[in-house]
Amino acid sequence: MTEALAAPLSAEDQTVQSMPDVSPTKWHRAHTTWFFETFLLGPAGHPGFHPAYGYLFNSYYEAVGPRHPRPDRGLLSRPGIEEIAAYRRHVDGLMSGLLSGPIDQATAGLIELGLHHEQQHQELLLMDIKHVLYVNPLLPAYLPLAFPNPGSPAALGWLYHDGGVVEQGFEGATFAFDNERPRHETLLHPFALADRSVSNGEWLEFIEDGGYERPELWLSDGWYAVNNNEWRAPQYWHSNEDGYWQFTLGGPRPVDPAEPACHVSYYEADAFARWAGARLPTEAEWEVFAIATPLDDRRSLDLDRLSPRPPEAPGRFFGDVWEWTSSAYQPYPGFQPEAGAVGEYNGKFMVNQQVLRGGCCVTPPGHLRPTYRNFFPPAARWAFSGLRLARDG
Amino acid sequence: MTEALAAPLSAEDQTVQSMPDVSPTKWHRAHTTWFFETFLLGPAGHPGFHPAYGYLFNSYYEAVGPRHPRPDRGLLSRPGIEEIAAYRRHVDGLMSGLLSGPIDQATAGLIELGLHHEQQHQELLLMDIKHVLYVNPLLPAYLPLAFPNPGSPAALGWLYHDGGVVEQGFEGATFAFDNERPRHETLLHPFALADRSVSNGEWLEFIEDGGYERPELWLSDGWYAVNNNEWRAPQYWHSNEDGYWQFTLGGPRPVDPAEPACHVSYYEADAFARWAGARLPTEAEWEVFAIATPLDDRRSLDLDRLSPRPPEAPGRFFGDVWEWTSSAYQPYPGFQPEAGAVGEYNGKFMVNQQVLRGGCCVTPPGHLRPTYRNFFPPAARWAFSGLRLARDG
Amino acid sequence: MTEALAAPLSAEDQTVQSMPDVSPTKWHRAHTTWFFETFLLGPAGHPGFHPAYGYLFNSYYEAVGPRHPRPDRGLLSRPGIEEIAAYRRHVDGLMSGLLSGPIDQATAGLIELGLHHEQQHQELLLMDIKHVLYVNPLLPAYLPLAFPNPGSPAALGWLYHDGGVVEQGFEGATFAFDNERPRHETLLHPFALADRSVSNGEWLEFIEDGGYERPELWLSDGWYAVNNNEWRAPQYWHSNEDGYWQFTLGGPRPVDPAEPACHVSYYEADAFARWAGARLPTEAEWEVFAIATPLDDRRSLDLDRLSPRPPEAPGRFFGDVWEWTSSAYQPYPGFQPEAGAVGEYNGKFMVNQQVLRGGCCVTPPGHLRPTYRNFFPPAARWAFSGLRLARDG
Amino acid sequence: MTEALAAPLSAEDQTVQSMPDVSPTKWHRAHTTWFFETFLLGPAGHPGFHPAYGYLFNSYYEAVGPRHPRPDRGLLSRPGIEEIAAYRRHVDGLMSGLLSGPIDQATAGLIELGLHHEQQHQELLLMDIKHVLYVNPLLPAYLPLAFPNPGSPAALGWLYHDGGVVEQGFEGATFAFDNERPRHETLLHPFALADRSVSNGEWLEFIEDGGYERPELWLSDGWYAVNNNEWRAPQYWHSNEDGYWQFTLGGPRPVDPAEPACHVSYYEADAFARWAGARLPTEAEWEVFAIATPLDDRRSLDLDRLSPRPPEAPGRFFGDVWEWTSSAYQPYPGFQPEAGAVGEYNGKFMVNQQVLRGGCCVTPPGHLRPTYRNFFPPAARWAFSGLRLARDG
């Protein structure tokens, strides 16, 4: 899948880093392979493919040594895409060998982690290349995509909860990240949750009502971000005489009022909710409804679409857009990071970030869970991030 | 009290802004007076003392108009300390007049808010002037202070709680800030809380054990801060051949192992707790014990000391140092900001900050409450901030 | 004189540093005294007045040890103005003693250098305090000053020179800085020089003709500065419905078309000259006329004016405004810096600066010379800098 | 030639911009073609190849419209190297057509300018790709190059000149840039000029004598650059237990004491000269000897070498390294920029730069002239820049 996602991109496309948060496509390809080489092949006695790759393709694991600075990933022309393809084939071959023999529990766990890690990077690859293509005045498409004609926002309904002690977090034999654990009790107060995420049509009303010009709607840090970055609409939106258009992985197209609002920061999501007389849900409020909903993957990664779609039915919780919650990203009661270097995966980021839930239109199928905790800093906009309203019950 | 705190300082001392977070002493004196003028005298029909003061001394209230940029407060030589003294006398006079007549409930509430606001700035004035004096190579004292000889850390005990649904937040007829409300139920898991805050002696052990050099102890953002700012000890600590000394409001003196560790960031507090095999408490965990403890003010602002003191007895919760909690600063369920411009007081800062509890050695007496929620960004160190350990029960 | 210039300023005024290029008044007072203490009293065996003052008040002399960072001079509340007055009295006393005894040639030279150094700082003190007062929204005056009614620019005439080999630089027994030496031959090409500097009236025409909006008039670095700093008029100029006003040491007043244009950068001077179909003179072109002109001091520092005046007569070369030349600040052929630490006075700045000639309305009388080489970086505007046109003959 | 220089580079190599001063290889290829399209084909009535290329590939010509920001050239993955090759073929075809018809004088002049412009970019392409490859921890070679064994510096001799009025600048019917004109008289003082440039062996002595640690050797801005950038040797030099090695277009190799010192800033060149008891020559001093020397191209661009070579014979002036002069880059007396947009080529950069003379090992043959004025800011090091000593005669 990773290689398939990179296939439409030229060597030049795969090299560019458009901002420090973005990684080049070829770096994603190499880093996900480095993960298997470092945490599985190395301990199994295989020497590294290249002596410098441990340095070049370590993302943030302090325990496995120094690394190339993240903001400089776009300065690396070598290794090129052919060498990285060879690296991947080499590691895939060794991993096949490993998998053909007996595997202990810990090794199986690391392999599973490596696969989920790579799925995360498949999503990041698409998020990142969208930004890379966008900063180019030519506004090239990643793939030619067909979009339906714009529609209207669906009606908005509310789901009610009486509150009380509920369970939150993952428990079970299947895969989950350490930050979803342990399953624990938490206390909810009565609340209502919207039955769909906020639409572009509603966001247009927010803009027209002066949403980006009224400080009383904004957190102080958010108001600073609005003014410092001159935010006037979601990331990738622009206006001309015909109204708003947006950049998508299929190139520029008109904003469709029926689609979920996307590429908004936490600050914008919070301000929108205040403007709407509502608030963002906590992650526990989101989860208690989502866990009672059938999990389906039909709104996740689909190479024919790569954009959030208008809701088909109310009360859906997965895919289209990640939904900002009001919950700061913090450890659950009793949280224990994984043992070893992979313990750096989640725990060390538990400050200055907000939790998002639900998955999006570029999340690989099979990578969605009602307990999944995604997280980004509150100013981030390049993820496929939207919001769902809540209010006190 | 504000004027008494400023009295030992020269005109030059009162003018300097040593970093963007710090405000000059004379600005604190003017801003607290501006609060009464803006929110009480203006609505009562009194013209402003000076047409520019509304601009110069507004801190962050968007609803009352534009303001002088915060990082530029130290560029203002005028008004000087004499003009500011006259401004205060003028407003005090008008406020006396107002107070001598009948006062409605809302007005009384604003006056009370203005007094608590001024108490907060009394603490800030001392925090800030400590930094101003510290950046001066002459290391001048704010006041001559006598300190006892260094001692040893007290024994550390633990307070146990079985968890369950408890109440959190303020309820009652006396004063509290909006962010302490509403009183609401929350669910605790069994835990233990240290019966005193961490001491300098323990912090010295952390340093000697390589605490500032081991990335596995740190949050990712914290490790960046350690390296970017070259943190090797708490703010105001330095070492020489005789060991560590610290800058205090009484000038430089040796670090006393018996005193509470102070002037540490959230990142340092979190790393220390991890090193100690513990964690920081949530604010609910802290509050459930503190509220059951007699509130006394003997460890708060005392002009003969102005430094945290060694603990007299275990199980004390107020004064000496503010204690970082693991809780991100977020609204309580059902939170409503105050109506009007003073609604900007607390609510708009509810992101990117951590809650601290308990008050410190420069908090004015009468300004302590078990439900009081102080907050600072996780990298801040110039407040009198320490920590208390917790662990799962 | 230094103390007289500081006298109208409060302790607060004397403490502020409004930008890194500016030094606080009290720093100027201390630094000029430090010069005598360091280069005369120290070698004569006198211990320093205070052990930290060598560090605090060294400006840039690498040879005499480390120094407090220039951009942080405004962070120092201590020593206060009273302590600095005492420092000056102390050093003055010791210098009086030194002067009452026999003095060798080298010592006499250093004393003379110290006096000229202090004269330079008298000018800097006024330049700097003008900026300090200007950044204050209250726009306070340094002194109450009376200004005549605005007039019209004088007629502009031209002085012609046939070119040929001429002499440039200082030679003689009286004082001059090392950078004015040695006197040497240089070759001039035929040229004409304006008989007065450019007036505000002419500058207004430049503005109205789109001077700040036409890239073809500007050096590339200048055009960047215009856009990056949003320059639309000289420093201290602002427009309102009545036209342009300017901030002066007497407070705000209307721009007088008859006065010399002032507070322009080299970039602006160069662009104006190009707009006018002329060019800036070289320093040799300026000097060959100035040296043939009687030197008078009537347009230099005058506490009743402190602003450039309309020209009284054509062909004057001294006072009112420093005049930018097209000459980069470089050593004369055969240049030798002074021996010892004072050799750092001029030579080490001979790159990235342009030469200005003539003196200005805040230059102390007695500090003007036809060979005097002042220098500033091309973007500097806070000096009293104007220009005089030249053209090929 | 441009295409031949790009041929060894992958698509990835041609995309990276390693610092704001550097342009990607594919940008150089497109920009040089844009020059012909804009200044020749457009006026001849040919529509542009692509509507966005005028914006993307304009370097700094204000007169022909807005342009993509220089520091963002490395953010452009599209157009890719194949599209740029097609663009070049398209423009080459149209230029062939143009050249097959009658051409007026002005057109011929622009074509000649376009060719010299492209030669400059051939040199820049190699300078820039050297930096791109260097920032990569893999330190890849541009081409495999064979180097001789290290030797020893040649003896240094001096060439003497009695001074007097001499001619400087270009005059003649062949090509020269506008900044080399007009030929004019200038006055020289007696001086001596070294008969070769400074060698690596001499630079090693400078390092060993503490050259980078002694402030008295440096201009003030240079000393700041040394400390701020931690310069301890020329750009591309590093030391290990075997001594110094340097990065070359052939990859890493030991520093050869016999070769000319290269990749030093003006600040370093000036400090070295002071250390050596000498000074840098003015450009007139350099030119008066160079113009009397046979011009040969044997030390310019040679794909088998791409590094400066040890001198073959004394008194040579062309190739190997550009030589910093003490002359600020300023207009000659009577300078007139070219008419039209190409007048922006040279004149608008005449501030904040120093002149270099002579050409280097990556300057295309045919692009050397004794009157040629190259220029760079004094902190630049990525050009092939060295120095030749001078002293007063």
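Things worth noting here:
Chains: A, B, C and D, in written order; residue numbering restarts at 1 for each.
Keep in mind that, in the parts below, a contact is a pair of C-beta atoms (placed from the backbone, for glycine too) under 8 Å apart; a residue touches a chain by one contact, two chains touch by 3 or more.
Here the structure is a predicted model, which means the values were calculated and not measured.
By the document's definition of touch, subunit A and subunit D have no common neighbour.
Chain centre most remote from that of subunit A: C (centre = mean of CA atoms).
A straight line joining the Cα centres of subunit A and subunit C is 58 Å long. Computed from the mean C-alpha positions, the centre of subunit A lies at a distance of 36 Å from the centre of subunit B. If you average the CA atoms of subunit B and of subunit C, the two centres end up 46 Å from each other. Annotation for subunit D: no residues touch 2 or more other chains. Contacting chain pairs in the structure are A-B, A-D, B-C, C-D.
By the touch rule above, subunit B contacts subunit A in their complex via residues 60, 62-63, 165, 184-187, 189, 215-216, 218-223, 266-267, 270, 326-328, 330-331, 333-334, 344, 348-352, 354, 378, 392.
Those residues of subunit A lying in contact with subunit D across their complex are 10-16, 18, 26, 52, 55-56, 68, 72, 74-81, 132-133, 135-138, 140.
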